[in-house]
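Next come the structures, one after another.
Below are two complexes that have chain A in common, paired first with chain B and then with chain C.
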Partner chain A sequence: MTNFLLAAAEEEVHEIVAGTGGFFGEYAWIMLVLPWIAVLGIIFFGKRMKYLGAEIAIAMLAFNTIWSTILFVLNITKGVVYEGAVVIAEIGSDLVFELGWVVDGLSIMMYFVVSFVGLVIFIYAVGYMEGDVRVTWFFAAFTIFAGSMLVLVGAPNLVQLIIGWEGVGLASYLLIGHYWEKKENSSAGMKAFYTNKVADVGLIIGAIMVGATLGTFRFSELSRAAVEHADDLALVAGMIGALLFFGAMGKSAQFPFHIWLPDAMAGPTPVSALMHAATMVTAGVYLMARTFPLYQNLAEDIRPWMVAIGAITLFAMGLLALVANDIKKVLAYSTVSQLGYMMTAVAAGGYTAGVFHLFTHAFFKALLFLGAGSVIHAVHSNNMSDMGGLRKVMPRTYWTFLIGSLALAGILPFAGFWSKDEILVTLGHEGYTAVMWIAIAGAFVTAFYMTRAVTLTFWGTYKGHGHPHESKPIMTVPLITLAVPAAIIGLLNIPGVEFGNTGNFTTWLGMREVVMGDHHASAPDWGMAAIGLGAAVLGILAGLALYARDRATQQERDEFEIPVLYPLLRRKYYMDDAALGLVWLIKAPFANAINWINDYIIDGMVNTVGFVTSGLAHLVYGGLDQRGIDLGFNAMAYGSGGSGERLRRLQTGQLQQYASVFVGAAVMFVIGFVLFR
Partner chain B sequence: MGYDIDYLALAPEITLAVTAMVVLSLDLVLTRKNKYWTAIAAVLGVGFAAFPLITLAVSDVGARSMFDGSYVVDDFALVLKGLFVAAGYLVLLMSVQYIESDRYYQGEYYFLVLMSILGSVVMASARDLIILFIGLELVSGPLFLLAGWRKGDSRSNEASLKYFLLGVLSAAIMLYGMSLLYGATGEVTFDGIREASAGLVGEPLFIVAVLFVVIGFAFKVSAVPFHFWAPDTYEGAPTPITAYLSVSSKAAGFVGLLIITYRALPEASAVWGPALWIMAVLSMTVANLTALRQQNIVRLLAYSSIAQAGFMLVPFAVAGVSNDPDALEAAFAATITYLIIYAFMNLGAFAVVIAGARRTRTGDIDGWAGFGRYSPGLGFLAAVFFFSLAGIPPLAGWYAKFVMFSSALGGGSVWTGLLAAIAAVNAVIAFYYYARVVKTIWMDEAPEMIEVDDQPVIGSLRLALVLSAAVVFVAGFFPDLINFFSQTTKLLAAG
Partner chain C sequence: MTLVPVLVLAALLFSLGVYGLLARRNAVLVLLAIELMLNAVNINLIAFEAMIRDSLATGQVFAIFVITVAAAEVGIGLAIVLLIFRNRATANVDEFNLMKW
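Right, the complex of A and B next:
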């Protein structure tokens, strides 16, 4: 037994008693290394195996699930806090680059979620991807995806976190563009990649600033410095906090970086399930939770801004789910909205509330995506307008999807109710009353769009082609497996209800070397629960009223559009247009400048040559000569091309242009340096 | 003092020059069938040039200075001469089969390559403007011809002409800068320029001089925005010459840049520091983004080598911005380390492309699909060299990136921090296109009509592959070996 310091929880300081997890904590690095061995195994032997390499990935995740379950139990019974690291190299005089593994309440929870949810999704994927192109390649990339996330959540320092972070980005890029024969799919992959790269700049600069300020990249040192109000850190804490949050916004698809996530639907459905549940998008929230003491103690000034961004995300993106016709897009916008809840909660000071919602959301969102995948597999379309009436032919999919929807909508006693309620209570307690009401309105919207999705997909009559039938057991068993936690896992954290002397989820999550306490009620706030539940029930009733009338009006109900709101939502608040416009705004001056040079200088010369030639032709032929004029006109036509065309032709292969750029750049350097010397 | 010639110090240069003459004479007397002896003579001659380097390295005499300090053989010169000789040796090995199958002008080819190697070896010792310029032109002159060696191919002619015209333009700019430098300081030796330049830093004329010289070398290392020639020339030139251009010629440019900036113009760091900062950022970003879209493997390597040059410029920018002498030395050593490691991994990558292209018969990356399945050995080496270029441990490339980052992080200012961040983002982007090649080679299905193993890789190319792979592995596991060489060169920066 080792004693670890737990600094200020609310106002009082107390110590927590925790073990190292013994063998399972000290060798937890095996969980981080194993996926990479599995990747090599899949690449080299996958093609020769019966399930084309999937069995290696599944065996690896099964092993990790067992290992993390043991850690979970150890954490509940004794508490586990352990941190191990291997020094890889020294950077400069005082910094070191280490790889290692953290085993504490937060990371154990994440190990478990990634391994367990990943395992179920991988098994499902064997059925879903059957007969697909490049199955082995898919499972290799899928394993990299899960493995990078494990490296990320196990990271004891920012550098390793960034390595995992980029690994997740690489794998998502490969997987979103899995069907790369279609151009829009590979551009969706590129969009995800570029959006995330912009945000990554924030994370990387933030990490460098942490290293420069503290002389270490370790989270535990960062937390300790934050708790102790270290002067050097306090000076730049706001900036570091903002930069790290900027990075988290990209991965966790917070407004306005959310634009990549709905497009990421282009990948196979199991990829969406894993991406939305356990991997990738939760990374940002995880980073905020990992560095929670920094925000709680030093970077307080920026927290209202973070709450605001979370609140915008949770409400505005939820509305978008109302108008999507693609069932995966409905779920995608719903994920963005739920990530908004998590971010709002963590930013407002609800460490447990935010992470608990991440935990419950992982189960029911994975379930919903796999259910959607099962439906898509049956009807061969993503559009809800091609579905309907599937309740009877796909009973297992229907019932599990319904449980997932109820959990997401926040209906008692399903998982989502408890975690959402905790977020509402936290927001109220921390004084963000307005945001609390936005979150309640968001709960209404959530219930509304899920009712719409369930009604359009499973109720009414079938509108698609062919005869859909229930998926094979290899796909439905995972659905049932996930439906159980989606239904009951919220019970782990009922305020005031403790499991013997081990506390509840709040206590287990608090097993960290340094953690700032957050508010948690000792008894359920039944008033808040009633308001939240009421909003959800209202949402369901509204959805039923609009979308579930009798069969005669089905056509009408499918096409029903809420006035005013619809045009706005259909165009996604013009966000994509705005992003394009922004790119144009940045690009236009350069394009114009280059165009100007092109039109007036380069083309001027070309035109002159053209006209001189034309004039010469006049002289030589003594009359109007077609060739001379033609040359002149050709030259002018050349001059009036569009600016985009000119930019593309930067590497034109034309020597004169290269030479003019060369000399131009040299002159610009000289002018710049002489002027600003 | 005086003009006594230290023949031992000049032995590597003399060996190379004699070899070049022997090759040229052999070419005259040999019948067409026996021309391969010119290749053997060239390879042996470059090999012999390594011996005096070793004896010089172990001798007790420190720096050997000749011609009033204009030509110095010190540790810095020896390490870089070693690099040039080794890289030249590998390029010759890579050339044998390639040139022989084209069946023309073998003798001249090897003569010109040897002259170019000689030029780079001279540059490493140059300690005044004139010798530096002569060395540089001796490197470039033969390459103008060699780039157009595939005379039947119009792209090769285009490559040669572009390289020549832009090369002349850059030489003119650099020479103009050098003459201004001489005008401003009244000195041609670097030590003289350093002493005379102390009071000149704010002078516009001096700034112009410094910038023009730096820009001349920026052309050589193909830094953006002076890089336009590189992709077209690399694609059109014979592949071994492309390898030479991207490694030895680039290294020669960096050697010139290192001597000029650290030795001759440390006082003007406020000028070249920010200028190279801008070029480093542009080179990394522009080249990496463009490389993402390339379909031809040689063009991809061309943009990759521009991006790598950007990474190598990072320590320069750090040195220019930082005033800390420790940071300055670290930056100097970082560039040398990067240069050495880059040379071997890039040569290896080109060797794989040369060997592989005989089987895939295409330069399109898509044409390499499934290459690893029907040619596992080369496929494995391709993975090794491309992952090393991407900087993945335990291959040598990681250490190169690592010293570059630690020099940037050790700079201790906002600008160096920002530079480190930009470099980090670029390192990630670069990883994607390197990984894409490896993915195509190992993951994609091979086209149907490939005949397996119809083209064996001949011994000399095999040797080149094995040697560069060995360096990439050994340096990756024992980076201190490379570190030892780069640390000994630090003395030059200290002045």
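Right, the complex of A and C next:
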């Protein structure tokens, strides 16, 4: 790929969208290629370096962060739209396989999020993974993770997107199963991989249908055809939309594919942070945003279904976070819930709202996970029942975690408030009133479980073992670095507030080749803001009322406070059991039938062939080989062995015997010479 | 000057060397016998060179080669004998069975 792109950079690039790319847009492919060079560097030289290869990955991400920041600023000041690609191969007669890179508002935002959040998490991981058995391997896989995501978000067509998509899936499998010595960890990795694979089938079929219908895999052509209401695309748009959404449901852990995400907590905490913030779960939302014109213009029939799935996810999965004891699982369910928000927003027509929530969520969720990792590192347990009272011993972790929690809960100046408010406004505007109220209830639940997590972890008295202490600076500095955007980055998109003459986040995100046509308000809707904020504050108050007191054990308390729902939630709505049952239901009759065919028909054929072959072989072996060919060789071997046995008696080791033979021979030679000359 | 007495001397010396090589049991004496044989050869070389009056003095040059090789050879030989003597407390050639199969 490197060679192709290097050659391409010289001459072969055809510009799909020749826009205002400038130098940084035209050479943005460097950001996509660099991670793979870094992976090779880590594999081959990592073990000899001081930080075991982490420095290569960090240097690469630092470079990408700078590059994407420059692009971000360029996009703000003058707008950047550029798309280039290189033809790698031709598929059939009229399709081509291209690799390339897109530079527009959406992908610049993603480049920035992946690089910046990734950089911070990688630095944190140096401290967190210290003393691990496979640090170099970890960083290689981690770099594959980030690199695949960059390939994914830079993809100008569905094929490259699928390459990045599968690369992310593979890396997540490797990283979730990082501690594979324990069976359940590698099982969790496989669960994630299989669940994603099932959903990927939808994406791949959808991509094939796009190619078959339009004769191209390019997103730009797809968007253009959608905006122009192309007849051939209109016929199958609903099906394509549903299939692509099916794929996105897997990666973005939408109900009922969410089951893999909480188990994915088996990996090291930096992996969870990167997976939940920037790289993996955002891929589905990104795909929806990238193909947004399709849903906005043609595939409108399925949008209510998508909204419904998003609404189920955001509310039902939020409730699950109420009963989780593992602090990382609380955050995992919270991520699923927030992904529900994003999906609902994009499906309802709020391109900006959904992507903006993705943007802010990346910062504060990475912050929360890193904070949780810092706590876990200190108390050596994932369970909140072993924590408590850490506010005093871990002040930096506490304050940054608190900022992240407030941002997630949606309290006024923090990032989450602005993006969640935008989603609520969009839902109201698009006429999904019931879903809007579900989302408001979800905001209440969000605030509630985050209050629970903060109080159980940091307040009250310490219930674990040993004496926890604050983490090292290499772990706390990333926390502080992320706390700043988690607090203020929401200010980028206050409706009606523009920065000079360049607009705000909405304008920057709208820098695409095709007009989006989504709704965004021109002035803040203070009524909606008050309702959302009120729900969040109520959630916090309810959480404080229930959990701020140190009373009984946590499980007793949960059972007491949430009496009816508790058993249901503890079993995760029986979703895991249902999935297993479904697999068994499909598997059992098929497996039996295939087993019968295998035992009686295939085995019979194979056995017959085997028997005949084996008989022939015995004939050849016994008759020809053993008695014929081997005889000659054996005779030769016996001959040389026997003569050697006799000859070696001459070798006595007595020097003077040898000398006598020499002299005797010389004398005889001289006599012969004299006599017969 | 006639060649024959010199050749007889050399032949006697060589035979003495052959006798010493085959009959002596002490390894040092065996080495000395080898030196005798080499020196017999040297005498032959010089004698023939003197008779032919070769302008390149080939005989003398070869004699010097032989002396050099003999010095090196006796050095190695004595070293081997010394080591064997240290290990086995004997220099009797009959008791050396290191080269037996």
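Criterion: the second predicted complex is superposed on the first by the 557 of 677 C-alpha atoms of A that agree within 3 Å, B and C clash if a C-alpha of one lies under 4 Å from a C-alpha of the other, contacts with A are read in each partner's own complex, and residues count from 1 in each chain.
The definition used in the following text is that a contact is a pair of C-beta atoms (placed from the backbone, for glycine too) under 8 Å apart; a residue touches a chain by one contact, two chains touch by 3 or more.
Worth saying up front: this structure is predicted, and the values here are computed from it rather than measured.
Novice: In this superposed model, does chain C or chain B come into contact with more residues of chain A?
Specialist: Per-residue touch count on chain A favours B.
Novice: Considering only touches as defined above, state whether A:S660 meets chain B (first), chain C (second), both or neither.
Specialist: A:S660: touches chain C, not chain B.
Novice: What is the contact status of A:V670 with respect to chain B (first) and chain C (second): first, second, both, or neither?
Specialist: Touch status of A:V670: first partner only.
Novice: Does chain B (first) or chain C (second) touch A:V201, or do both, or does neither?
Specialist: first
Novice: For A:E166, select first, second, both or neither according to whether it touches chain B, chain C, the two together, or no partner.
Specialist: In the superposed model, A:E166 contacts chain B only, not chain C.
Novice: Go through chain A and flag every residue that touches chain B in one model and chain C in the other.
Specialist: 651, 653, 655, 659, 663
Novice: Note which residues of chain C are touching chain A in the complex, please.
Specialist: Touch residues, chain C against chain A: 18, 21-22, 30, 93-94, 96-101.
Novice: Help me check something: in the complex, which residues belonging to chain A touch chain C?
Specialist: Per the stated touch rule, the residues are 648, 651-656, 659-660, 663.
Novice: Okay, in this complex, where on chain A does chain B touch?
Specialist: Within the complex, chain A contacts chain B at residues 43, 88-89, 91-93, 95, 97, 134, 137, 140, 162, 166, 169-170, 173, 193, 197, 200-201, 204-205, 208-209, 211-212, 651, 653, 655, 658-659, 661-663, 665-666, 669-670, 673-674, 677.
Novice: In the complex of these two chains, what residues of chain B are touching chain A?
Specialist: Its residues touching chain A are 158, 161-162, 165-166, 169-170, 173, 202, 204, 207-208, 211-212, 215, 219, 225-226, 228-229, 231-232, 270-271, 274-275, 278, 290, 330, 393, 402, 405-406, 409-410, 412, 417-418, 420-421, 424-425, 428-429, 431-432, 435, 442-443.
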